[in-house]
Amino acid sequence: MSLSVAVAGASGYAGGELLRLLAHHPELEVRTVTAHANAGQPLVSVHPNLRSFASLTFQETTAEVLAGHDVVFLALPHGHSGGIAAQLPESTLVVDAGADHRLERADDWQAFYGTEHAGTWPYGMPELILADGGRQRRELRAARRIAAPGCNATAVTLAAAPGIAAGLIDATALTSVLAVGSSGAGRAAKTQLLAAELTGSAAPYGVGGSHRHLPEIAQNLRAVGAAEVRHSFTPVLVPMTRGILATVTAPLIGEATPEQVRSAWLTAYGDERFIHVLPTGEYPRTADVLGSNSVHIGVGLDEAAGRVVMIAAIDNLGKGTAGAAVQSANIALGFDEQLGLPVDGVAP
Amino acid sequence: MSLSVAVAGASGYAGGELLRLLAHHPELEVRTVTAHANAGQPLVSVHPNLRSFASLTFQETTAEVLAGHDVVFLALPHGHSGGIAAQLPESTLVVDAGADHRLERADDWQAFYGTEHAGTWPYGMPELILADGGRQRRELRAARRIAAPGCNATAVTLAAAPGIAAGLIDATALTSVLAVGSSGAGRAAKTQLLAAELTGSAAPYGVGGSHRHLPEIAQNLRAVGAAEVRHSFTPVLVPMTRGILATVTAPLIGEATPEQVRSAWLTAYGDERFIHVLPTGEYPRTADVLGSNSVHIGVGLDEAAGRVVMIAAIDNLGKGTAGAAVQSANIALGFDEQLGLPVDGVAP
Amino acid sequence: MSLSVAVAGASGYAGGELLRLLAHHPELEVRTVTAHANAGQPLVSVHPNLRSFASLTFQETTAEVLAGHDVVFLALPHGHSGGIAAQLPESTLVVDAGADHRLERADDWQAFYGTEHAGTWPYGMPELILADGGRQRRELRAARRIAAPGCNATAVTLAAAPGIAAGLIDATALTSVLAVGSSGAGRAAKTQLLAAELTGSAAPYGVGGSHRHLPEIAQNLRAVGAAEVRHSFTPVLVPMTRGILATVTAPLIGEATPEQVRSAWLTAYGDERFIHVLPTGEYPRTADVLGSNSVHIGVGLDEAAGRVVMIAAIDNLGKGTAGAAVQSANIALGFDEQLGLPVDGVAP
Amino acid sequence: MSLSVAVAGASGYAGGELLRLLAHHPELEVRTVTAHANAGQPLVSVHPNLRSFASLTFQETTAEVLAGHDVVFLALPHGHSGGIAAQLPESTLVVDAGADHRLERADDWQAFYGTEHAGTWPYGMPELILADGGRQRRELRAARRIAAPGCNATAVTLAAAPGIAAGLIDATALTSVLAVGSSGAGRAAKTQLLAAELTGSAAPYGVGGSHRHLPEIAQNLRAVGAAEVRHSFTPVLVPMTRGILATVTAPLIGEATPEQVRSAWLTAYGDERFIHVLPTGEYPRTADVLGSNSVHIGVGLDEAAGRVVMIAAIDNLGKGTAGAAVQSANIALGFDEQLGLPVDGVAP
């Protein structure tokens, strides 16, 4: 018998992708969707692609509406998850696709969000290598509150973590530049996100250390073993709807051949079903992970520059948001981790 | 009376852009266009956008056809310019939009191109700051052979040079990631350049120190004053036709405020008509330079990471290729440097 | 126990999409993939998105290699299917995603393809309304040879058929203009299909009655009941990878209200799981069907012009090619028609 | 000595393109730019591409600010031009890039805009063939009030007019489907115009006879000689910033060869500098007119369908809006019609 699911904030892009994935999940059944401005409207009026849910109508986002489901996914603007979650039974699995419960340090939250910290939940990145050699996955088993990671944080963390864990790269001189699709900016109507502004253009934002995924990445890399993280991080909006291509570089520590470098990633991710380390000399494209929960990673050694180049491709709404939420829920609920999650991208 | 011009290799994208700019040049008149496979065809059959040249037909690319013009622009595949140029009179201004004559060190050429070096010509980047505080422009006055820069080299060099000249950044720990439009890859029919492959995707290439613009950039930065250059350089194809957005970062040397950092760029480019240093906190978009000879540069200081972030946007076919060629020719011929060159981009 | 499947011509876009769908099919298991130029290479070297098939290698496309499978999908260039199919046992289900066996009239084939006609197979468009009120589906049950429809033919046929069947529109004055994604042109490296050529541009092709899907559409509309079909058909390549938006118009016969018009489509497709007739005043977008087997149709009446406007959106590789092939195979094999076929598009 | 120019509503896309063109106009000098929400801001903060106007700041849009210029271009939302224009001296040349003064029939205005009609000004489409064989150009000479055409109206009118004037096509059975770039929808922040919504998708709007350019097109075609116009018109937003590709079809009246058909367009536009009738069998692409004032037209005869197919490509902001405004101003002021107007598109 399926477990019952509610998705709060289902009118946004993250909420829509959660629904798209859950439509194929054999053990979870979406019963309730909530929204704010769209409450009262049919779901397909906002997500015409989601024909599987043609019978659903958005309800108001309240604890009363969400209560009584086995699993609640929250896809709310930051600052809204804590209050709702506090009113839900502890036995309900709550997965927050938003930022509220990702950070461990309240001062990080304060510095980057400027409001009071809602607290820290187990972090929904199962593949994260921990400093003791374990995986974040063990924290998620039987958890009833889970914070799904940020999309950019996922791409950068999974690209860099094996190098840090293996002592191969210097985390105090990291630089990341990300080509990101515009769905990551959400559905709010803003002039700078208009198609006329972004089509045919590459445009950076959040430059110079202000991006809110920075403390999350640093926290992840410390968990992997970095004593200190210094990280230059620049996302660039490019004319695609979905996708993140993170190009991360860091100085090589000591000496290594390209194959020795790459073998650290192979070792780290050898058993992971959603992480694919590409052959030597190959690098990922975002098209290849579109709509999937997969991460493609290419690793190279630039010997002249003394730098390791780590490039990861994800779908920001897939593995970057909704996929990680479903994957983490699968673990928490004791299901096969892959239920409902495609590994094959929609290409071309 | 106008000077007569021939464009060799006019069937490619660089050649086409040269023609588009020259159509508006008040002192230069295109009389002859040559091509290889398209010889004998009307120019507009290959470049339907170039209605100004509806009467021209491609001729064969031979020294005989090119001789007798005051100015010859070469937009040929690398390896083809030297032989042709050697057969043209020394009094003819020859501007090579290709790579053959850019590099000063024959061993750089050999290492990255694997053929014999054709020799070094004055380098067509007028705004390049030299170590003595002068500009590359002085080498171009009255020159009769000019090598126009590579497009990626232009973006990275102009982004980083003021920081190096001012002693603000460490050239031994440079990283550049470029979002590049697909016209930079040229017009050859290759599967990986198909619209179905590139639309909706971000895809790196030339990763890990193999890109041919690396020695050119290093040469430029040494000219500016860098004792040693170590540079991690990763271009990423993104779904746009034109444009390069180069995100260059390097460690800050010593201490400085963001405004002190930015003032180095303002000082360096204050008088340059084609280089626009954006206000503090603003960064460029490629759309804003499309079709123009302008370079937009934003500079920031990431204090937490200890890095200067320098972002430059150019049109790879404009300032990145054809614009630089025309600008350099203007200088060599004693014309106003701006003749025929738009400063305003075609946006949105 | 799963049935064994081979996909011939699996290196192209249609073949890749067949594999992506079959990866989720609970009753079919891909054992063999064949290709021409790529024979001997790992499948993921050509389709890096298809991680589910990381263990497969392309074999040569021969009858020997294909024999011994329960189901063979052919995704070959036209002209190649007939010879291969003739060598396969009659008991093998062969689904041809190419054009060879779609047309009923040998002279149509001759006129549009110029070669000898390979013969006619049952046509894999289950939802096609027949003149007697039945569906094409009945022809597919237990068929062992199936010709999957052309992508443009699918969009136009499904848009217009209910109007013709209901006697509402005049099939002798049809006009269709299609916005089509470039994956429909296949993976061959052609200059006019380069990203630099198609990005940012709309470009018609096959104008004026020459497109090869014209006789197929006419055949379909005759099956629905049209005595005569005259059809102006213009596909326009637009900068997207996948998708067809077919705008079909025809004169209204007699008088009707907009709701009366629309009700013909509702009646025709009421039970179809993959066809979604949108509410009055709404029209489809290709993004909403991306990666799915769904068809979204909006129907309006332009009273001033006296024309019915029928707009259909499909994914050219999904319902337009691979989806229809799998759907038809499901019917032929007695499976649930929806096995392996998503109804929800990947949007945004 | 240059004439002084003010551009009202200069913060929008049409206003920005007017400025980009006027920057190169040898006889017109922009002194004043006005805006509504952006009043008080530097022009380059809204149009970072327009470096030529780095010294300008938006002023309020009032008659006082606009008075005292020789030429005033209005790029205001519809309904705002009439009031402003009434307060400007009759000797000032006022060119309205908006809709207010295009329509001749007050009831057309009322039906499509729902407000009071502001009156009719000479129509700024110089190339429009009139029923007496003359051109619209004669009305513009010495005019002091000009209504620039709508972008879609320009594409459809110029595509179809020669066929109607020559009696070759039936204007009571016209169908037009247009692939249009999103800049035509303006700069207002609307969810359905977000890049995440439009990238990778084709989406119709204004379907079924509701589009506001319909009465303008009908008026134009009547001026050309059509006794009655019935016109099915469907614009489709496609993922490009600029450009309109209008595919217009109509039944052929009587008999004609393809060359006879095409010769009507050659005859009609033989002397026009901005209209290029392509060779037989060639059709236009929007990329080829980007940033220009050119119109590329391909004409074919679909003999099987009995239809003439007329395809026109324009830049919606160029010839579709700002280019036509400048061209018409040139005529009114007695200048060479081509001043400031590029004929060559920015491609690729």
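First chain written, first letter: the chains are A, B, C and D, and each begins at residue 1.
The working rule: contacts are C-beta pairs under 8 Å (C-beta built on N, C-alpha and C of every residue); 3 or more make two chains touch, one makes a residue touch a chain.
Note that this is a predicted model, so its numbers are computed, not measured.
The greatest centre-to-centre gap from chain A, using C-alpha centroids, is found for D. For the self-contact between chain C and chain D, the two sides draw on mostly identical residue numbers; the shared fraction is above half. With centres defined as mean CA coordinates, chain B is found 38 Å away from chain A. Counting partners per residue, chain A has 13, 183, 196-197, 199-200, 239-242, 284-285, 287-288, 290, 347-348 as the residues that reach two or more other chains. Residues of chain A that touch chain C in their complex: 13, 16, 19-20, 23-24, 47-52, 54, 183, 199-200, 241-242, 276, 278, 282, 284-285, 287-292, 294, 296, 342-348. Chain A contributes residues 13, 181-183, 185, 187-191, 193-200, 239-241 to its touches with chain D in the complex. Residue ranges of chain A in contact with chain B, taken from their complex: 173-175, 177, 179, 196-197, 199-205, 207-209, 214, 230-234, 236, 238-243, 245, 247, 249, 251, 283-288, 290, 298, 300-307, 309, 311, 313, 347-348.
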